[in-house]
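Two complexes are shown next, each including chain A; its partner changes from chain B in the first to chain C in the second.
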Partner chain A sequence: MKHFTKLAIAAAVAGVTAGAAMAQELYTPNLAYRTGPFAATGIPLMNGQADYLNMLNARDGGIGGIMINAEECETGYSTEKGVECYEKTKGKAIVTQPWSTGITLQVLPKTNVDEIPILAPGYGFSPMMEGTTFQWAFNAPSGYWDGADMIVQYLESQGDLSGKTIAFLHLDHPYGKEPIPVFEKMAGDKGFTFEPIPVGLKEMQNQSAQWLQIRRMRPDYVVMWGWGAMNAGAITEAVKTKFPMENMIGVWWSGHDADLAIVGDKGKGYKSISWSFPNMDAPVMADIKKHVVDAGKSQSNDTEMQGVFYGRGIVISAVLAEGIAAAQAEYGTAEITAAQLRWGLENINMTEERINELGLTGMVAPFSTSCSNHTGHSGGWMLEWDGAKFVKVSDHLTPNVASYQELANTKAAEYAEANAPWPTNENCGG
Partner chain B sequence: MLKDIFITPFADMIDAPDFLLQVLWEGLVSGILYALIALGFVLIFRSSRIFNFAQGIMVVFAALTLVGLHAFGVPAWISVILTLGVMFGLAVSIERIVLRPLVGQPDIILFMATIGITLFLIGFGEIIFGGENKVMITEELGIPTDSVLLEPWGGLLILEEKDITAVAVAALLVIALLAFLNKTRMGRAIRALGDDHQAALSVGISLQTVWVLVWFIAGIIALVTGIAWGARAGVSFALEVIAYKALPVLMLGGLESITGAIIGGLLIGLSEKLFEIYWGQPLLGGNTETWFAFVLALIVLLFRPQGLFGERIIERV
Partner chain C sequence: MLYRTAGQFKTSYEADQALFPIKQDAFLLGVILLLAVVVFPLTASEFTFQTLLIPILIYSLAALGLNILTGFAGQLSLGTAAFMGVGAYACYKMITLMPWMNPIVAILLSGVFSAGIGVAFGIPSLRIKGFYLAIATLAAQFFLVWLFEKWAWLYNYNASGAIQVPNLEMFGVYVSGPQASSIVQYYVVLFIVGLLTWVCINLTRGNLGRTWKATRDMDIAAELIGINLMKSKLTAFAVSSYIVGVAGALFVFMWRGAAEPNLFDIPLSFRILFIAIIGGLGSVMGNYLGAILIVGLPVVLNLLPNALGIPIGSATVEHLNIMIVGSLIVFFLIVEPHGLAQLWRLIREKLIIWPFPH
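This part shows the complex of A and B:
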């Protein structure tokens, strides 16, 4: 029954946003996935995103006095539907949020022609960090290669990696393959063995073969790049095969509270690198409760709001809002264009003070973007499942970007060449 | 290369027999669950010539109903009974609203109707239950969740008690189904409809009753499958893709054969696991389970187009 209520709320919110569409507004469509095999991970993220922007609309009258219309277009995480959604929404959009590495790769060349910025926080094509080549693409505050580097840094802090074996359990999908070049490079540099183990979409919930391989391989660590049902499937198998949980680390999309809740105490020690952290005491949470939840405009619930993914949704919308605010200040207009938002996204400066000012205390680390740096490289924290929730177990980790900057430049150049003519921004000073 | 294909895998099997046993056990567990899903398809196809595209979403719907009812405070076993009631209601609704008006229409129309049922159940299920991953009520149902550790030949064999339960329940369900189909009047009516529609109708077998019954049995199978798979990685709409694993089982075993579904499921479960571990991972980079079963089924179809146990259709021109 509560989902009927949610549907009614969604319809009401949609009605309000549709009404707003008639008036002056900024249209920031979200290619969401609340349905399909990955819905379990998509829903809290989308709820966090929507609640933050609804809170800004309710509390501040939008951003810079103009309301935000963050209409969702449902993709079900399907690349084909994602491209359809992009085409459907691009007319008046000032940004596109593709929400899948597969969709990002498909719309990347299109956005260059349509001149609409892609905002893919913490996902997408990692060489997008190279803003000179990828003028219209942003994945701040952190990219997959940052995540791979921070995981290896953390493992090194536990002991020398030379001679060790790291099994890389990943979704057999563009997303899962994204960090492989950096891991392979680091394996060469640091002397560890890197063993990729793919998991097919139909095998997400039955990974016995992959875990038999892990049992035979006896790796020192398992690093996971999983998504949706794959995360719960892997963690269940890890418990079953008695793999030491403390030696298993997932990327930020493999650190969802609901996935770990399935194994509960047996998952104690499992880790996940993350560039965001839920903080129920942060002022932004009180504002969301007051202006969105209590007003009956949220689709979320108490348990979900305490989770990592809901908090991350908030941070993602805050990154977008900061880009919009920066552009509005620069161009002296509230009704900014897509091109002006691109400038804004290139000039985000999330200092510790600004994070506190936004009420996001402890939820994201400071970062800044520039014309040439579209990722920001905020770094993050190693989180650990304590049986009931994720807790921080490391100080702030910072990626060693210099170690893969050259690789990013090379991959970006290869991409530009393969998609020639590919306009680049040679005016980037830094 | 030839050594890697013809010698090394077998040497590995002999070298680590406990590991081989583990592989076979995992293959058996997967296989019996594939067989269970395939049985749902076969029962409906036998009695109505409908390829039920909705079998996968029925697994999700049954599991979500069970977990959803329990979340509302209904005791676990009462939730099971109520879920069976919901699946019966679904079977009656499908027969009344979808199938009955389409009697006599070409098979492809009925197939398309099951796609419609799938889409409806996805939307309806998401409205009622939401898309979040839910924890299967494994312990509440009294299903043990510990592991049995054995040490054959000084090695290690891990048997999950919930997998043992799944295998036992699936095997019992299959035996009960076979007994029902072969020993009861209604079971014989289902088989008669499968053998000859017109002849069965002419002796007074009620098409409507049989259709409701087979869709309800498919619902029971969906619930058992949903509990078994849901206990592994939670209950979400991702469970739907599990049904696609039954397609090569049907190609291999034949669409009409209950024996084919069981043997086909076991054969595919065991062979895909053995191939993945001893040939796929070392030689092809792994993840061969996504295609191996289809290749195996296609090879069988080259020699037996009706599948291993399917009926040979001879049409005179």
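This part shows the complex of A and C:
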């Protein structure tokens, strides 16, 4: 009996110390998709994200002296697997990164109950920018409506838009439909014709019908909200129908180097709005090379690391790291909780100096979040394919948020009403 | 030994025709029910509820619906997912138009809509058979998913084109939506699945079930002995689509919480068809076994490396998982082409005569 008690005590002690050892890290799971139909775009993003956090762990010993455990949970972009991953990780996770609009839609309503921040940089439901309603959701540094506004701004800088036609080639999916309300509003204000052309999920690789329609319509510009195989399909089809490439503009998820490498020189002039830029001269790239790549801890390769998506992965992890750092500074503890990280993500202040200090020079534009503004609206740059890589062709563009703030408030209120009871953050000053 | 039937005498026709003529079967069912009703809910974590218990039950129900049509009545269908979609959208519209409606009533009623659509798409089955009918149901699959995308009224003109389940209360407890607790949802699912399984067992053993089986085995012979083929086939379509529709409503309201049209696309139809085939066509229990294999096993396999402390990346686990589950499917189909239910039947027969096989 005595022996048994001793054993039990030993086991209990081991359990407690193991628990303590477990807590010596911040668990920031990533619902990655390195398999499945969208793996080609997922891999560089995930590699960028993982490499940045690995670099922080190796160089600084984590953030604020605590290691980051950015374990990946594979979803294959499937909503079902995503929910499985969310349930599996939510116990000790301080953040969830759902990575697909489908998974975001599933997870978003649960956040008020589970109280875990969702970080969906540059994707997800655009009205998430309204932080009073969506207390736990963040899509910093830019949302789709910002992207739509910046594209129209850029087109305006190329000449008056009134009387012109913009064809909107989009994936027929919640993601592709996301910017339509803002485009329609701007079409009314600025007097251009806006023609949505949906591409079904099954037609992604074969868009001959859509491009026939575009050829008949003769739009001045084609704006594309595509993803995965749809991008390559549209770009090759545009080359085939000899659509002037310089009049084709994609959202940030339609600016994947590999999609354009297929057409090479013929894709010259294709543009993509982006809130991130792969600046190979940024100090952070050297650090990643030194601490992660040379140590053999990276799954990436040279070509991939020069791409837009890898750089974007780095920026996404940097946003998360900034949120963690802000929370640690505020609460005076390294081991922050999910609720504290929420405060941190609401108080990110990425100034130009801070960006340089982090070594991210030129990779992301300055932005700051607040309790009512969960997007930050960093704005971005227009990138252009020069036949071999993407280059910046515009100055820093800032979205005109005021023009759709009201729309965001209405949509957020509608969402809250449909999901009643939906607690909103009443003590949100501004 | 365990299954010794010696001493169990039947003294009436009722006893001989009983659902469980052997006591041990009834006992086994009792144990399973005890597990499902008491033990699992008390011990399960949120993760187990959301990734194992609830989905396995819902997929079993959908496969059961398909099995009525394909396994019992012999009409091959590839449109299961679309009929699930009809149930889900019908339930969503009822709930949003009539918020006072009891959620369980709404879920049970939503099957009526898919039964109607199912009968409409079942009419060609009177003229065409086999693979040709499969193509006709495939048309239903494509048409209905297209309709879910294009008919904005179905999703209340939501900008994203997806449906989102609201918080629904019943007797002061949330049963669906984000506020609902998993255990409540589990019991609702268990109740509905249990109820429909009970109905199905009785239907397939009764007059209607015998009519379906006769139609399946040889429709000309069935017609000659006086079975009305039209009635037989259309009731099969109606009952099957009803169950599939209820499964669809449960799928979205009790488990997923949100759905976009392409969720109800053909991969889901195939998944349910696999469950029905691997479980065993023409069996009720097989659907549960099939769902455990196809839905439950990958989840458990995903957890294994972590539980055993093997450090491999989650993407690798996923690749391995697909390979293991795929080869298991091939293995089971080679060992027993009639499905897991038949495998269990053989094991049980061997157990009954054990240890003295003739």
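Keep in mind that, in the parts below, the second predicted complex is superposed on the first by the 407 of 430 C-alpha atoms of A that agree within 3 Å, B and C clash if a C-alpha of one lies under 4 Å from a C-alpha of the other, contacts with A are read in each partner's own complex, and residues count from 1 in each chain.
Convention: contacts are C-beta pairs under 8 Å (C-beta built on N, C-alpha and C of every residue); 3 or more make two chains touch, one makes a residue touch a chain.
On a predicted model such as this, the values are computed, not experimentally measured, just so you know.
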Contacts of A:T79 with chain B and chain C, given as first, second, both or neither: second
Which of chain B and chain C A:P109 touches, first, second, both or neither: second
Partner chain(s) touched by A:A32 [first = chain B, second = chain C, both, neither]: second
Chain B versus chain C as contact partner of A:A232, first or second or both or neither: first
Touching partner for A:A261 - first (chain B), second (chain C), both, neither: first
Touching partner for A:Q205 - first (chain B), second (chain C), both, neither: first
Which of chain B and chain C A:D172 touches, first, second, both or neither: both
Partner chain(s) touched by A:K240 [first = chain B, second = chain C, both, neither]: first
Contact residues common to both interfaces of chain A (with chain B and with chain C): 34-35, 172, 200-201
Contact set on chain C toward chain A in their complex: 46-47, 50-51, 55, 149, 159-162, 164-167, 177-179, 256-258, 260, 262-263, 265, 299, 302-303, 313-315, 317-319
Residues of chain A touching chain C in the complex: 32, 34-35, 71-74, 76, 79-80, 83-84, 87-88, 90-91, 101-102, 105-106, 109-110, 112-113, 125, 172-174, 177-178, 180-181, 200-201, 411, 418-421
Chain A-touching residues of chain B, taken from the complex the two chains share: 16, 19, 22-23, 26, 29-30, 122, 126-133, 135, 147, 158, 160, 229, 232-234, 236-242, 244-245, 273, 276-277, 281, 285-287, 289-290
Residues of chain A touching chain B in the complex: 3-4, 6-7, 34-44, 172, 196-206, 208-210, 212-213, 215-216, 228-229, 232-233, 236, 240-242, 258-259, 261-262, 304
